Amino acid sequence: MNFDIIRTSRAVLHVTDLDKSREFYDALGFIETESDEENIFYRAIEDHNHHCLWLKKKAEPAVEVICYKVRSENDLDELSALFEKQGRVFKWMEKGTQKAIGRTLRTQDLSGMPVEYYAEMDKAERMLQKFHLHKGAKVQRIDHFNCMVQDVEKAYNYYIDELGFSCSEYTAGEEDKIWAAWLHRKPSVHDVAYMNGEGPRLHHIGFWLKDPMTLIDCCDVLASMGLGSSIERGPGRHGLSNAFFLYLRDPDGHRIELYNGDYLTSDTDFEPIRWELDDPMRQTFWGHVAPDCWFEEASEVLDIQTGEKLKISEPTLKKRRPNTII
Amino acid sequence: MNFDIIRTSRAVLHVTDLDKSREFYDALGFIETESDEENIFYRAIEDHNHHCLWLKKKAEPAVEVICYKVRSENDLDELSALFEKQGRVFKWMEKGTQKAIGRTLRTQDLSGMPVEYYAEMDKAERMLQKFHLHKGAKVQRIDHFNCMVQDVEKAYNYYIDELGFSCSEYTAGEEDKIWAAWLHRKPSVHDVAYMNGEGPRLHHIGFWLKDPMTLIDCCDVLASMGLGSSIERGPGRHGLSNAFFLYLRDPDGHRIELYNGDYLTSDTDFEPIRWELDDPMRQTFWGHVAPDCWFEEASEVLDIQTGEKLKISEPTLKKRRPNTII
Amino acid sequence: MNFDIIRTSRAVLHVTDLDKSREFYDALGFIETESDEENIFYRAIEDHNHHCLWLKKKAEPAVEVICYKVRSENDLDELSALFEKQGRVFKWMEKGTQKAIGRTLRTQDLSGMPVEYYAEMDKAERMLQKFHLHKGAKVQRIDHFNCMVQDVEKAYNYYIDELGFSCSEYTAGEEDKIWAAWLHRKPSVHDVAYMNGEGPRLHHIGFWLKDPMTLIDCCDVLASMGLGSSIERGPGRHGLSNAFFLYLRDPDGHRIELYNGDYLTSDTDFEPIRWELDDPMRQTFWGHVAPDCWFEEASEVLDIQTGEKLKISEPTLKKRRPNTII
Amino acid sequence: MNFDIIRTSRAVLHVTDLDKSREFYDALGFIETESDEENIFYRAIEDHNHHCLWLKKKAEPAVEVICYKVRSENDLDELSALFEKQGRVFKWMEKGTQKAIGRTLRTQDLSGMPVEYYAEMDKAERMLQKFHLHKGAKVQRIDHFNCMVQDVEKAYNYYIDELGFSCSEYTAGEEDKIWAAWLHRKPSVHDVAYMNGEGPRLHHIGFWLKDPMTLIDCCDVLASMGLGSSIERGPGRHGLSNAFFLYLRDPDGHRIELYNGDYLTSDTDFEPIRWELDDPMRQTFWGHVAPDCWFEEASEVLDIQTGEKLKISEPTLKKRRPNTII
């Protein structure tokens, strides 16, 4: 491969009420870089670039695009050549089209997810050591996307064989088929996970926290602000990934994971860890059962050409969630 | 009052399998002071006395007695005089009858709970600064009992008017009746709570932890030992008491609360905090709903004279648990 | 004794620049109840009363008075009768003389410390569960005073025999004399400590924190605000008291201790813990040496009658600090 | 470059007393994979390979070699070709020569540091989720080496230009010369730092911890075991790197850093952060001054051919440490 996808780097979400969204994301400690009546651009405390989260005011909630940063402008050309060869839908958005970001390459990936690649974004002041300005969950950086798709195994093969991702952990389902897979470019557990379900939809965006206590503090802060109902699942420990986690729903239902505690996956001799779908410690190491909504609900995604919501289809594997053994 | 009840200080539990119990309580970081084939005596890391938890091997699980420490031997005589005047059932157990403890006064309190008072217990090495020997939840001290009883208001009045307890917080139920009350002698939120339900039963014993992260560590440790199913509820923040909590069930179903983060209640002008039963932040500040078993299951208690299990009766207030508004 | 001193409850400090003081104390998370051009009244997040810290703008820094809360107005009369009998200097300040507080009894204690007793203070909103408003060290409550005095043993005897304090831990110095003592009314390690040194001076005021991580967060916050030079000693673990501590100096040099992690001292059979002055683990369990300024510098205190600074005298025991063995 | 250095992966240290070393490293939570009378092989809780620390019993303490893992066997050949071309001293150690590890390439780097590259090591059970077996600092993985060398700028250029490292942060000294530099292959702050001083010597080995509280726990554990004197500096926050740190000295004086809290450095547009040598927040963000020994003492390193200790020489830049402004 002549390109280098560096990492998960931003998401563009459609939200219906910027004030409500601002109250929620401010509470998590996101830093507002810039905003107007239609947009808020947020960065996390470690970010040296303009934003990792762009909220656009729209009539309906949706995921416009999920984005990866690549090494250089040339990598974008290499990627477009690949997509052309593969017959994938893609389009260029020239520098200046979107705020604070260089030329981007948008594509509908083979699972239908709207994905964007870019190399350049404006700089912004890094707030990592402005401790007196940190709030709530003190969100440190964007970590990963979790996508609910019809055919995980197809996505798995494509991202590994064609895009150079590696697998850290996976879940085996019916007939040893891959039910879910955690794939990375940066040497963490994942930049993106694919999970079997009605799709294509974005299940959640994961953000990295500096330490586990901050996650507890965040629960307290959200609750005291009257936002306790945004807490959907957790706090808990994932068996798969080992992360200490909390799942939140933003005012439009977009799911946010706060995440801390995975491990380094840089070694070429690291062997992907296999979990059985029904292993109760897989989803929550402590044995807690995830609520039904966690398996059923996710954010709809847009067609990169029409801007319309993509049709959702039944998954390949029938099983939508683990058996809960009580 | 001519007596001074200092604090909640020990519990005597019947368990059916000492090996299983030992695995569980060792994992929580209790220090075994002494044991034989029929008994284990545990202390917590702050204790300077012989034990705060005595497990007796018996055919059936039960709570033999919950105990308070008083200022002096004379206080026991004053208490027995009070019980005599009130016509309460009580009995003396002379020094030497029970391991490591002086003379005790046992009574069946007006709710039917088996309660014991004593002034003297053998000393033991304090392990507070033996940090290299701390394990699991590093349980620091016994904090409180929670009793499920038929008539909370009657218990409330008796403990405050006759025994000198104070109320820190309470829950108002039907027709403004007290549905649950948190009562203390030491200036914390409670030494004992009374909660409306089928009783008399012991709902749980609360133990104090040194810090909130230790509670998270405890979940990880229990799960990695294969004891994840002992986690019943939490971790979470109580609205009432402000404590960061975790509820566990020991191998016989006795419920243990790990607890950190309440506040000082020493001021005479501190006004008890009232919560409405259906306030969703009362039980879990973050909005999490407690499982049904938490409201329904509790440990049976013994008759101090016959040693038989006490008959359980319907509570005065009909409502057994808050309405869950989803 | 016919009076009941409940706990350490407030301090009145003279400071020279309210803006500078406000920047510092706000950073620690104190809640400003009220202020004007000459005064700031601060409470901590657990407080249900108007203030625990009163800063008065004056030409020179000084400690006007340290205060204890008593059970009732009648206790004040009992205390004044005792002081009269003992020939101690005292004066009444009637309700209305000082902001938000009832009648107070001020005395110069036998070590020369200006001490005040009161039973009544105005109520204020308790912020314990307003987590989104907590900042910096999230100071939870006032915990104790540490006084540097000429004759610790005299103070020790007086507070125990005449005022009903108990000793939790002490330091033995020359010829087995008490070099320092930790005395309490509430069942914690202390409400007040007396330490051998040039006095009478106030060495520090200790405030209780909710957990140890908050103390680390506070260091980060102070440093990022440019207030790093206020950190004098720590973070560390005290051998004596077991507390996780941090010592700060406010803009006028008043020393503030942030403190978490001591233990319950309610038992009548708890035996005071003796430490040797030169035991290196006494002051810092991890072996860190306290800086010279920590032993030498302290806040001057006022004469309750003249309002002038009290003359400082040499201590009874020659040794001003432990031998540092390197 | 046709090779890919993945990360800092192991150190081989000479120690004089295996029992003393074992007490210390066990206390930090290292997992002993294997040992005999002359050797201990330790791994950290995240490791899936045999060891990251090899202690060899020898007459004198020394650093035999510091090691990097590379992508494949072929990378070793590419590296040897580079060293040959550059005229660097190197030697092969065939598989079987050293316990549990494949073929290695040893070299004396241009600063004189003994450095080894390898692609293959035996597998070992990963203990990341065996929480009940974690102890002390629960050391999670090896993170970096810090080398004290004569000419930092020369090392800086070589590692970046010839070996493909990137710089995250650096310290500017006299005449804008680089006084110290933090260089990485994995996208963290560093795999190796070079610092101006008498060299070549190994200043310390950094190990990653799961969270900040574990570092505090480690201080308590070491102290209660009587190993408090091993704590040399900290806990504190580094301005440079943002890490929460603790420096320890093992029984032979080898310096170990416990480390948590840096950030991701994967972006190609991340600009190295410059610090001035005398900026007091550079070394400790909170303003604490490092002790003299931290700047003066370091472990001697061996000649890869003779096995003798390398001669130490004066550094290029005269200034050995920052000015301490008090």
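Chains here go by letter, A, B, C and D, matching the order in which they are written, and residues are numbered from 1 within each.
In this text, a contact is a pair of C-beta atoms (placed from the backbone, for glycine too) under 8 Å apart; a residue touches a chain by one contact, two chains touch by 3 or more.
Given the structure is predicted, the values throughout are model-derived calculations rather than measurements.
Interface comparison, C-D versus A-D: the higher count of C-beta contacts falls to A-D. Of all chains, the one whose Cα centroid sits at the greatest distance from that of chain D is B. Rounded to whole angstrom, the centroid-to-centroid distance between chain A and chain D, based on C-alpha atoms, equals 33 Å. Averaging Cα coordinates per chain places chain C and chain D 44 Å apart.
In chain B, the residues that touch at least two other chains are 129, 211-213, 220, 223-224, 285.
Interface of chain C with chain B (complex): residues 6-7, 46, 48-49, 69, 71-72, 119-121, 123, 128-129, 140-141, 186-187, 210-213, 239, 242, 260-261, 263-264, 266-271, 285. By the touch criterion given at the top, residues 27, 129-133, 136, 211, 213, 217, 220-221, 223-225 of chain C touch chain A in their complex. Every residue of chain C that touches chain D in the complex is listed here, in rising order: 212-213, 216, 219-220, 222-224, 228-229, 231, 235-237, 244, 280-281, 285-288.
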